[in-house]
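Going by the order they are written in, the chains are A, B, C, D, E and F; count residues from 1 in each one.
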Amino acid sequence: MLRLSPPGQHRFSQATTFDMAFGGTEANVAVALAQWGVDVHHITSFPTNALGDAAVAHLRKAGVDTRYVQRGAGRMGLYFLEHGAASRASQVVYDRADSAFSRLTADSVDWETVFVDADGVVADWFHWTGITPAISAGTAACLLKGIETANRLGVPVSGDPVYRSNLWQYGQTPQDVLPELTAGCTLLLGNAGLFSYLYGINATTNEAAAQEMMTRFPRLRYVTDTVRESVSASHNRLSAWLYDGVETVSTPLFDVQPIIDRIGTGDAFMAGLIYGLLHGEQSLTEALTFGVAASVLKHTIPGDVLLATPSEIDDIAAGNLSGKIKR
Amino acid sequence: MLRLSPPGQHRFSQATTFDMAFGGTEANVAVALAQWGVDVHHITSFPTNALGDAAVAHLRKAGVDTRYVQRGAGRMGLYFLEHGAASRASQVVYDRADSAFSRLTADSVDWETVFVDADGVVADWFHWTGITPAISAGTAACLLKGIETANRLGVPVSGDPVYRSNLWQYGQTPQDVLPELTAGCTLLLGNAGLFSYLYGINATTNEAAAQEMMTRFPRLRYVTDTVRESVSASHNRLSAWLYDGVETVSTPLFDVQPIIDRIGTGDAFMAGLIYGLLHGEQSLTEALTFGVAASVLKHTIPGDVLLATPSEIDDIAAGNLSGKIKR
Amino acid sequence: MLRLSPPGQHRFSQATTFDMAFGGTEANVAVALAQWGVDVHHITSFPTNALGDAAVAHLRKAGVDTRYVQRGAGRMGLYFLEHGAASRASQVVYDRADSAFSRLTADSVDWETVFVDADGVVADWFHWTGITPAISAGTAACLLKGIETANRLGVPVSGDPVYRSNLWQYGQTPQDVLPELTAGCTLLLGNAGLFSYLYGINATTNEAAAQEMMTRFPRLRYVTDTVRESVSASHNRLSAWLYDGVETVSTPLFDVQPIIDRIGTGDAFMAGLIYGLLHGEQSLTEALTFGVAASVLKHTIPGDVLLATPSEIDDIAAGNLSGKIKR
Amino acid sequence: MLRLSPPGQHRFSQATTFDMAFGGTEANVAVALAQWGVDVHHITSFPTNALGDAAVAHLRKAGVDTRYVQRGAGRMGLYFLEHGAASRASQVVYDRADSAFSRLTADSVDWETVFVDADGVVADWFHWTGITPAISAGTAACLLKGIETANRLGVPVSGDPVYRSNLWQYGQTPQDVLPELTAGCTLLLGNAGLFSYLYGINATTNEAAAQEMMTRFPRLRYVTDTVRESVSASHNRLSAWLYDGVETVSTPLFDVQPIIDRIGTGDAFMAGLIYGLLHGEQSLTEALTFGVAASVLKHTIPGDVLLATPSEIDDIAAGNLSGKIKR
Amino acid sequence: MLRLSPPGQHRFSQATTFDMAFGGTEANVAVALAQWGVDVHHITSFPTNALGDAAVAHLRKAGVDTRYVQRGAGRMGLYFLEHGAASRASQVVYDRADSAFSRLTADSVDWETVFVDADGVVADWFHWTGITPAISAGTAACLLKGIETANRLGVPVSGDPVYRSNLWQYGQTPQDVLPELTAGCTLLLGNAGLFSYLYGINATTNEAAAQEMMTRFPRLRYVTDTVRESVSASHNRLSAWLYDGVETVSTPLFDVQPIIDRIGTGDAFMAGLIYGLLHGEQSLTEALTFGVAASVLKHTIPGDVLLATPSEIDDIAAGNLSGKIKR
Amino acid sequence: MLRLSPPGQHRFSQATTFDMAFGGTEANVAVALAQWGVDVHHITSFPTNALGDAAVAHLRKAGVDTRYVQRGAGRMGLYFLEHGAASRASQVVYDRADSAFSRLTADSVDWETVFVDADGVVADWFHWTGITPAISAGTAACLLKGIETANRLGVPVSGDPVYRSNLWQYGQTPQDVLPELTAGCTLLLGNAGLFSYLYGINATTNEAAAQEMMTRFPRLRYVTDTVRESVSASHNRLSAWLYDGVETVSTPLFDVQPIIDRIGTGDAFMAGLIYGLLHGEQSLTEALTFGVAASVLKHTIPGDVLLATPSEIDDIAAGNLSGKIKR
């Protein structure tokens, strides 16, 4: 998606220019992982116009492999973002109807080719979010095929079933669609409240909810989420927990003030956690803390995507929050 | 429409910000006339979001009366504009599908109320362009009702049947739709080539084509057009002619170099000509020259709309092109 | 007034560009009320040059009715604003001597026409501030006539007798001029300290001072003020109180950090309070809290004027300060 | 003066920022000469505020000696400049009434100290323009004292009696005031038309007018002017002539397209000519051509002041107009 | 190289920001070819810091394969560019001493791996310029090995022996070093003047000089150059010729006005010509015209690199210079 | 040095423009003192190119006397600064190798002329920092001569032996070089940790370390340092102490939030302290507090240099941190 924001703290009605950036929840995860040296493919479709070209270049700049990015009819998905401050919330106006992406269908992607490279090496991970099945029946069907293929090939799958009420316009509800997708997941992002709404899970604690989700979806090995205390649009506190079926590990609380850009901080967490999990030498707590530290850093960076080295994130994870100049 | 352009001569792929402006062919005519003191209403529909608010504010800032601007579902129509220079053409990427405007229907507007104010005073003029009937069956039907009402009330009607090949996606052709709209017109913009394509008029000169159009559409009193010599994206030469059923009057040739912004120069011509015609003391040649001079000035002004006083335009019309500093 | 500010936190000596905005204490109140759907007229005079045109367009963009804005000789009032941060205060350099506004005289405005429209409907409210009588003998006299006319027609009058020591250059003191203006007021902004300085009121509490003011100026029904704790240029805490002759109601304390733009926050309070009072269904506390919430939001918005919807303000007033993204 | 311009070719009503620069006709000459290594003092008065500080810093940055710059009451003189293009003229809105400079009086400057330094070395040149006596009776009187002192000390004096119709508001006409000032001049800028208007000189050619001026003002050794053909606001052609009482020398015609900034081009000519005359080894034609080349270069530089080295100007003067990249 | 330019036409001493872009003569050729779908590797070395990371991302964004970009000690080469206009030349200040690139040595690159991919497919082309051997003995030696390897593997080699007098600081002259490099070339850029200076070729015409070069360097099949008429920094006329040992073909003359960015126009020509030659179906004249049209378009694009599609270039090559808006 | 920073909180890889500013630790002290009316000379060398010209103009603008600034071969020292926020540290990439400054040698400066003016008046103070001897053997030798000359002439010397590990590349260590330079100092900046590392001082408290330094370097009268608590990159707390051989005086703790620009805050402290010491009427505590207040203010100002009047600093020193608007 192409994001357009009035500069600084200007309101929409004051804008005479827009800052532009590319984003999108799965793309943000892809970009973060690619910059850390992970070989990442992004699966999507962009329109066959100059905006689509620019979106491909954005991914390529970050090192994401774009060979499976399709180009076709439909629009570039847009969103307009107004940055809040203090007690004024940031505001998003979505303009993504009829995107090229929404026109994907069940058969648009040859998932086998995506997951297994020319030398027969199978992918290490597959990540999806709840935006994709919310866009159109086609994208939902295409994603389902991807998850099924990943399951068949033994590729671990992570899902972030984020719910956006202004999507899901195509006649299906998330309650209809998500269970089948969730069933293919190894790792799921969410908490008791979300699971109650989306899956009808009744549980009083996150751990209990996670356990019930695991019972219902036996492939699940990890359930995780961040916990965010929103003091204001400029000041948040962040931590995370992860339940592995046995115990819940968690991270320290990180203070973020001021927040430069709140968008994409969940994607940064997901990217960091996946990166940690892919590096087997790390403990679950270390992987989780890497994820939160990645998210903490994202709050300080304009745009949708986290731009930071693993060593910068390790530094935050290790509790070095002093912000002393690095020369 | 909201227009988004990379700054200066940057290409789309270089942009990190977009300059934004509001435009749209009928709106541009409305803004020009309003700034000259004409009491103008603009009839359209904008989405019920912050972008729609900003579009209303744009019109209001210029002095256009926005009481008949509707707000509803659908998107804000967008277009992306890359400024060319020298031999590189400017490039437009339209993104206007499913705009709030496109959702207007035959009955969306109470035209009688629009044309006759509370004191019973009838409007002096009604202007439409070929964009409106190209958008959707609903906008075409709504416009037709407007023209019919204008005809019934004796309001003169001008039409600019500009043809955009990437519109007309709703199942009708301009050849189907335009004749009925044109039949209600007093003044029409176009030339032999356009009339041949749209109305099947066969004529070797503009005057002959204009005469045939008048024969076919008896309400027509004036047929007019600009003549543009495009030396490059930065250098054009401009003149205009007008046929009143008896003779063709024309203007001197104006040299424009450099061109700052080519968009909206046709709308500025139309606004200028209408303004001239509404001021009965002017001769047809004077009105036409005012129109061309308005268009010439528009080439020097960033954005879609002409911002200039009548006296500035008179100055150009009078041949003062020296550009000496005004203190 | 036209405001010119170095961008960001730059000092005057670093500036190579100025951000520009229009403001002025009464105009700020007008703009806020107009955007909330109130039918507002602004009474002033701007110079007959391009800057004056731009000032009119600013008001018109916001929906303020500018039919009674006069145009005449004199300058556009200017002020230069340098934004502070942390312990560095913002700094204002006024440059408003000999403004077109200052040339208004006792008879410049036909107040009867202003207050009573063509259909005989009388205005709901009249608001003035202490800037106007501080500019020139003419503006003071003109304002006095306005207040007298409002009183005669039964239009409620609010006054913000803000004191600026660098004004009042025309030979009169606020102590001379303000009492007569204050006598016409229904609602007055101020506190014990200000009332002591301007009116010689001796009282140890705001409530006692307010009561003494009411005794002296029997038209007064409400005395109100904000209470501001200035931790730094970037961090304030804000509340408000209002005395209605019987009791003092007050609001919770709102924390504002970071402050984006401190200018116009008092005007936003006034606009919010007037708006609340004009909506009779609200209690005094609700109206007052709406005013403070409007002011709190203004701190987060660049420029002189509050740009926010009533529902955004209601949200703050209801204590939702978390700043969570609105999608 | 502080100059404020909408960026690029934006009109005043489109501006949301202003580019700022310092200028002023005598200051522009001072800055040009200082950068070329000439020891220059600028005599003026700036307000005792942050804008005055910035104006001093502007001069200091350029190497102008500011020890005789006074600081006092009054405003910073401003002007607003809108850049034209093609047939649209640039437009200036002056806002210089009651500047600190205007408050200078006959006795504000100790001219003897200005012209003779601590070591007794007398100044090489004194330059004034017609702006100064047009501002106030005080500045006119102060300037007259300066010219008289220069005459007494044998300092050559150049005058540019530029006429601005919107100045001269203090009760005197240029026809009253200029003759006495002109009488002290060694070199005068102007042509037959200007001399006719200001001094009542009747002559059909510039040379004849110059000769009559010399007859009337016997101190005059040189009369000079540029000749400008204004094709458009973006394209001028420039040359110059100089009459030394015996013959008229002149320069080639220089083509300037596009014009980046027309302001200050006359001051650049004056600075270049003075610089040429101060370097005795140059012929009159060389000095004059250096002046025109300086002016030609100024057209390509944003702001009021010429920023260019003597060798860059020599290059233009020598006819190297190819603009090939210098590495 | 990282390029830093004052915005617009500002001089260095006016800058408070620099526009940044990445460039470098060989990199510019690589970027142009990569965007046209050619599989391109760029061989260089960037410093191991954030600037080096950004340079890699620049190439990656354009689609250049960066797997052979080395990272090491040394600086990022910089250059500062001031844009001229009209008669004022653009000015370049190089700051490239001790770049990471300059530290390459004879053995830094495994050329065999570069030219032959994992599947044994040999590269189609190798391009170098005279900047590389001018930087250091190491880069010269490294390049020589590259050319020798290309020759051994049958990879055609093009050379652009551009001469920069401010390089060649390491003790060798271009006359010493270039012949050996030139001997490996299939295609060479240059003209009689350059060949006389660099190789001591005595010939009165370009064709004769080209023929003598071919006699001396028997691998040469093509000698080519652009011919540029510099009317001003804003207006050039461009054509090209190519001699293939039998005859000289040439292109029409293209007028470029205004020039937006002159840098990289030679590289665009080279990229276009190589692209044309790699597409065997094109005649030599067609390939050459594609090269000139690419160069013509580059003049209209900010930055060092040509960003344009083959079809846009074909349009120019076909003589469509009208710059009419593309919708 | 020329500093280049991505705007706002952008990371290097996001930049398309750089904000530029001039800085350098000794230059920053010079600029601060010059603006306060102190007659300051800066001793350095800049390259003979347009960047060097701009650096001289920077100093001149601030009022620093540049007559002893040398111009010569070598580069302009650069550094690239990325602004951090919250837990993300600011990051500096130095690019200062082979600067013109580094090419100074023992005999480059005639220190006697520098310290004693034409009228025989001896300088009041000489300040150096640890950057200078870290650059090259030549700059170290040149500085040593300066200190020796100052000692001989009785000029008090202050030293800030700041240690940068990425400098000291020329074969000497700070432990070798600094003692001889320190021996000439009257005032030294540092604390127990730094003195231990640089001079091998073993002491458990700052006061004990300062006393040992005084014992070892008998010229020392004052040892001083700031104490900084880094909550985050956006929030610091600052105080300072000074030991005069008898007792340690200290300042209150100042809270700085948000930090606009952390660079140069140590130089602002040093400038403030020197200014306080040069004004004999102040107590040591007053001088020290003036220094800390200067540093506190610097945190709020973009760029390397403190731009603030003594009265603004006095205000902070007096504890007025409320940041209330100054009108």
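FYI, a residue touches a chain if its C-beta (ideal position, glycine included) is under 8 Å from a C-beta of that chain, and two chains touch if they have at least 3 such contacts.
Going by UniProt, the chains are A, B, C, D, E, F = PfkB domain protein.
Small disclaimer: the values here were computed from a predicted structure and weren't measured.
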{"item": "Distance-maximising chain from chain F - centres being C-alpha averages", "value": "B"}
{"item": "Chain copies touching (chain D, chain E) - same or different residues, decided at half shared", "value": "different"}
{"item": "Which of D-F and A-F has more C-beta pairs touching across its chains", "value": "A-F"}
{"item": "Chain E and chain F: spacing of chain centres that average the CA atoms, whole Å", "value": "45"}
{"item": "Residue list for chain A, restricted to those that touch at least two other chains", "value": "11, 13, 16, 57, 91, 258"}
{"item": "Residues of chain B defined as touching chain D within the complex", "value": "254-260, 296-297, 299-303, 307-308, 312, 316, 321-327"}
{"item": "Contact set on chain B toward chain A in their complex", "value": "4, 7, 11-13, 15-21, 49-51, 53-54, 57, 75-76, 78, 80, 82, 91, 93, 95, 97-98"}
{"item": "Complex contacts: residues of chain F adjacent to chain A", "value": "8-11, 13-14, 84-92, 94, 164, 166, 230-235, 258, 262-263"}
{"item": "Touch list for chain F against partner chain D, complex", "value": "57-58, 60-63"}
